[in-house]
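Below, chain A partners chain B and then partners chain C, in two separate complexes.
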Partner chain A sequence: MSVVDRLPGGEGERAALIGGACVLMAALFALTPLVVALPSALYVFFEVAILYAVYGLLVLGLNLQYGHTGLINFGHVVFFAAGGYTVAMLSAQNPFAGIGLGYPWVAALVAGVLVAALLGALVGATSLRLRDDFLAIATLATAEIFHTLFVNFRGIFGGNVGLSGIPQPIAALATDGDTTLLATLLFFGGCVAFTFAAVRRLTDAPYGRVLRAVRADELVARSLGKSAFSYKMQAFVYGAALAGLGGGLFALYSGAVAPGFFTLQVTVTVWIGMLLGGAGSHRGVLAGLAIIMGLRLLSRFALDVTPVSASAFASIRLIVIGMILVAIVRYRPAGIWGNAEELGVDS
Partner chain B sequence: MGLAQNVVFGLVTGSYIAIAAIGFTLIYGIVNMINFAYGEFITIGAFVGILASGTLSLPLPIAALVAMVGGGLVSLVLARGFFTPINHTGPVPLLLTSIGLGLALRNAVRLVAGRGARYFDTSATTYRFEGLPDLPVGSVDLLGNLFVTSLQLVVVGSAVAVFLLLYTLLTRTDVGIAMRALADDEDLARVRGIDTQRVRDSVWMLAGVLAGLAGVLIGIQTNVSAGIGFSFVLQILAAAILGGAGSPYGAIAGSYVIGLVLALSTAFLPSGMTGISSAIAFLVLVIVLLVKPSGIAGREVREA
Partner chain C sequence: MSLLAVEDLTKEFGGLRALDGLSVSVDRGDLVGVMGPNGAGKTTLFNCVSGIVRPDGGAVTFDGTDVTGNSPEALARAGMIRTFQLTRELRTMTVRDNVRLAATDQPGERTLPALLRTDAMESREREVDERADELIEAFELAHLADEYSANLSGGQRKLLELARALMLDPELLLLDEPFAGVNPTLTRDIADRIRELNSEGMTVVVIEHELETLTDLVDRLVVLQQGQLLVDGSPETVLDDERVVEAYLGG
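Then we have the complex of A and B:
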């Protein structure tokens, strides 16, 4: 009997095991004097992979909202930003501009998740009764409002420069930069795996069936005595909290937050990744996001060998991404790994 | 600067938003989609106008006409290529497609035209109204000196002309009446022998024409760059929803509300905070969605 056979059966349990292993390995690199030397060609890979892990938390939350419950949240970035900015404002030491209270980062991270969840509850309580596409507009407008506030309230949010001086716990523990990168990637990957296990368990449970019933036909769910609104609300808050966790981790990794990290582009990337992979399938959305982020990585390498300028290349990449979105919606609305029947779309 | 001057600015902004918002809301009402790529229709119209007036050195009114025709054609071709084939799938796939198309178009324009801003070659006469008495209430001056440029008058005049033509179109012509019938009840319209696809095509054309005109007017007032339409799309959307999505007359009212809110909040916010005026416009939008989602003159959008 091989080791693989003795592992627990479910996808979720396996993800939890992988997550545990990742976190342990991250701790090994961060806490011991052990160092690694990464080839400098791989730096860009690690940077994109760490960002992928952060966005992975976002896409899992969004999938809970859209893929399972059918809530169209086009302001997902606002919860990401709420987590990031809360952590920054609570934990930053003497930022250049704006508020930095210098509290311990653990407390700040917890607060970041809570603030994002609270914001989710607030947006949800007011907008979840709106029709599908109007919920999209309300959430989008919320995200734009907050983006404007971040840019304009320099004394609080640091304006365009943002907030710096956020503690970087992993960097502080690890011996050198290369080890930090690896430990960060392992730790964030572990967080994604744990989240995967959690959402998988949630959606496999009868609870998840109710969410999908709300998505398929709200009236049916209500006629069975399920309060569609409170299920929608819970899914929305869970998704917001996950995005807040992503934002908090991101702030603690980069050591700074700025409005430029939290633009509409984040929402678009996560949405396209989710639709490409197949909304409703946890593995699918992570894979879809990997394809979209892989394109970003690929374009960084391709830039070196093609004769066009960097800005032209960025435009071409965004054209391709836009066209991918158009093509999925038209030719494969369930995404690559999604279940068309479950999503109620014609292929 | 007094309140009166800011009201002038608000009316000008409201005018070009209104022209665009009418096109946006007609598509919403008749094709039943939120067209997020509409900002790019405006950008393309503005660039057609720049080409016509700059490269071909046509006079500005002719260039505006060329931009309107170009906008209408581009809108029809894009709709035929991207939106009509998936018309039956409902509002969400259409919305997602328009987001993807908008992203692609915006960057295609950026790729071709570069990142810089271009300007229409215009000359304006400024009419000043000096010597108006100040009417201070607290720190706010309710009257004060004000000026109006001939270009601002052109913008407002174009908007009024569009409103009148639109009213005539919707009430006096067959195609306009068919549009209203389709917005009201598509099945009934088809039973009455209306070719719904042809009506949809004409709505796309009309929306494109309006986008072209709005693009040129925005270009005259500010400048033309690849992101110009996108920077207005949320305000247009806010205006259309504020007025009651699908209602062209509501969109006009909503646009002037948004225009005035933008101008007045810019004027009366403490300096350094003027940037949040767009946030205030969206706040108005969110409040409208929450309090009266049907807007000033529209149908119910709250479910069940």
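Then we have the complex of A and C:
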């Protein structure tokens, strides 16, 4: 598809409108005495949906990096963690262990995004000029290094228990727990919608054309006067910043961060979601993520009714996810909503 | 003054001297052919000049400035555009987007104007569309405009690459074997186009190892052999030169 055909971009505008509506409704629930009562059976759905929104920010960033620019980031979780831990360390009051400076959460959130972006810029500066696979290794290694740091530096990061005492602004504003849950979901959903609108605009514009040219053939892009390195750097940093935003929001929702929230599992989930939905398609990657997280939720219920142990069940779940991946690679290499010709895969 | 000057250019690939102290210059408005047997160093010359390969020694001067070792993107922005011997179309992009991509001065290639969808971006994009469609039309690719370029034939790819290069309105156009694998009719068409561009003032350097096509087209021929300059002169003198005959027949 060409830029002009994309330009009207009704989808991006719709997303921005939906985002605005979500945030307004979130404000309504958080700031007024209005309350909702949720059936307790729905709690688990709300919790998963909130996590989905957080991961949604991650997958949109990853899609900008991989789906549009061809950058392989196997350590996306580290930028998520950078946002989460920065917010925690700057804003926490009397954390159980580690640093907590008690600054206002807004400042901490901004700092969280900036720190994640900066980390992205550092990783990018070391490996984006080298061959493609260097980035894959560098990101994977960075994620491992930070995970080890979080676990081992108790005095700073709180070790395995992590940091608690992080302010929870929505909970503080809303009247009760149920209302908090709904307002949080609405607000996070609004953030995803705004992000969707932004990345959509970016990739619909001539900017996106350059990103896709870099993905297709960096040398051609350069020979036509486009600074491939600069675009790769930008896409990488934007993706990292979005993950940082996700991490910061997550910390402010849960009130605590710990290494267990930021494992390789997160990277794997967003990658599978992206590939399943179709790299390159913003809507596709969000839908793919919904499928994979939906399956995981479903399997939670399935565990209650199957006569196998929890650990056996966990392996069965892995096997099922593995089989889904194999099926995509075999039958729809471009993902469910991906464009095979734009991704250059045969299907 | 010459637009492009190459002085004492040297490039080695693991002991093999692809360029061996080559000096040659191209004046503004010239239409120069570069020929020579396989492995003579023609493509390496283009690679060194266009910043894709860094020469081991020597200097490249473009429009009066030393550009040795400059990046391809900087050289492209300065007005030097090259095509590739093995076409490098962006396979995952449409023909139209391939051509549009090459547009210069598009503010929408920066984050903020792209996010804000500024008027400057939109109006530039309208010009870009118009110009791209003109070129696509001129190279008889209009029926393929929305086709992904992976689906093009060899000859169509050559045309696409040429159209894309022209989108930048270069001062110096370096064409690496634009006729290879192209049928005779198309070859004549492309040659006519090149002549036309040159008569409009564009400086063009064409690599080709088929003698016939080149001698009809260019004003001046440069013959390379083993990374060195063998002969440099008008097509007639070059063809009569016995060293050239020997290089081709003996080579």
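Heads up, the rule we're going with is that the second predicted complex is superposed on the first by the 338 of 347 C-alpha atoms of A that agree within 3 Å, B and C clash if a C-alpha of one lies under 4 Å from a C-alpha of the other, contacts with A are read in each partner's own complex, and residues count from 1 in each chain.
As a convention for this text, a contact is a pair of C-beta atoms (placed from the backbone, for glycine too) under 8 Å apart; a residue touches a chain by one contact, two chains touch by 3 or more.
No experiment lies behind these values; they were computed from the predicted model shown.
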Simultaneous placement of chain C and chain B on chain A, clash or fit: fit
Of chain C and chain B, partner touching more chain A residues: B
First, second, both or neither for A:198, with chain B first and chain C second: second
Touching partner for A:323 - first (chain B), second (chain C), both, neither: first
Contacts of A:279 with chain B and chain C, given as first, second, both or neither: neither
Three-chain overlay, vertex chain A: chain B-chain C angle, C-alpha, nearest 10 degrees: 80
Chain B versus chain C as contact partner of A:90, first or second or both or neither: neither
Partner chain in contact with A:234 - chain B first, chain C second, else both or neither: second
First (chain B), second (chain C), both or neither touched by A:54: neither
Chain B versus chain C as contact partner of A:154, first or second or both or neither: first
Which superposed partner A:219 touches (first chain B, second chain C, both, neither): both
Partner chain in contact with A:251 - chain B first, chain C second, else both or neither: neither
Lowest inter-chain C-alpha distance for chain C and chain B in the superposed arrangement, angstrom: 8
Overlapping contact positions on chain A, where the chain C interface meets the chain B interface: 219
Residues of chain A that touch chain C when the two form their complex: 1-4, 7, 198, 201-202, 205-210, 212-213, 215-217, 219-228, 234, 238, 341-344
Chain B - residues contacting chain A, complex: 34, 82, 85-86, 89, 91-93, 95-97, 99-108, 110-111, 115, 234, 237-238, 241, 272-273, 275-276, 278-279, 282-283, 285-286, 289-290, 293, 301-304
For the chain A and chain B complex, residues of the former touching the latter: 72, 126-127, 129-134, 136-138, 140-142, 144-145, 148-149, 151-154, 218-219, 268, 271-272, 275, 311-312, 314-316, 318-319, 321-326, 329-330, 333, 345-346
Contact set on chain C toward chain A in their complex: 50, 52, 71-73, 76-77, 81-82, 84, 88, 90-94, 96-97, 100-104, 106, 108-111, 113-115, 117, 121-122, 125, 128-129, 146, 148, 150, 164, 168
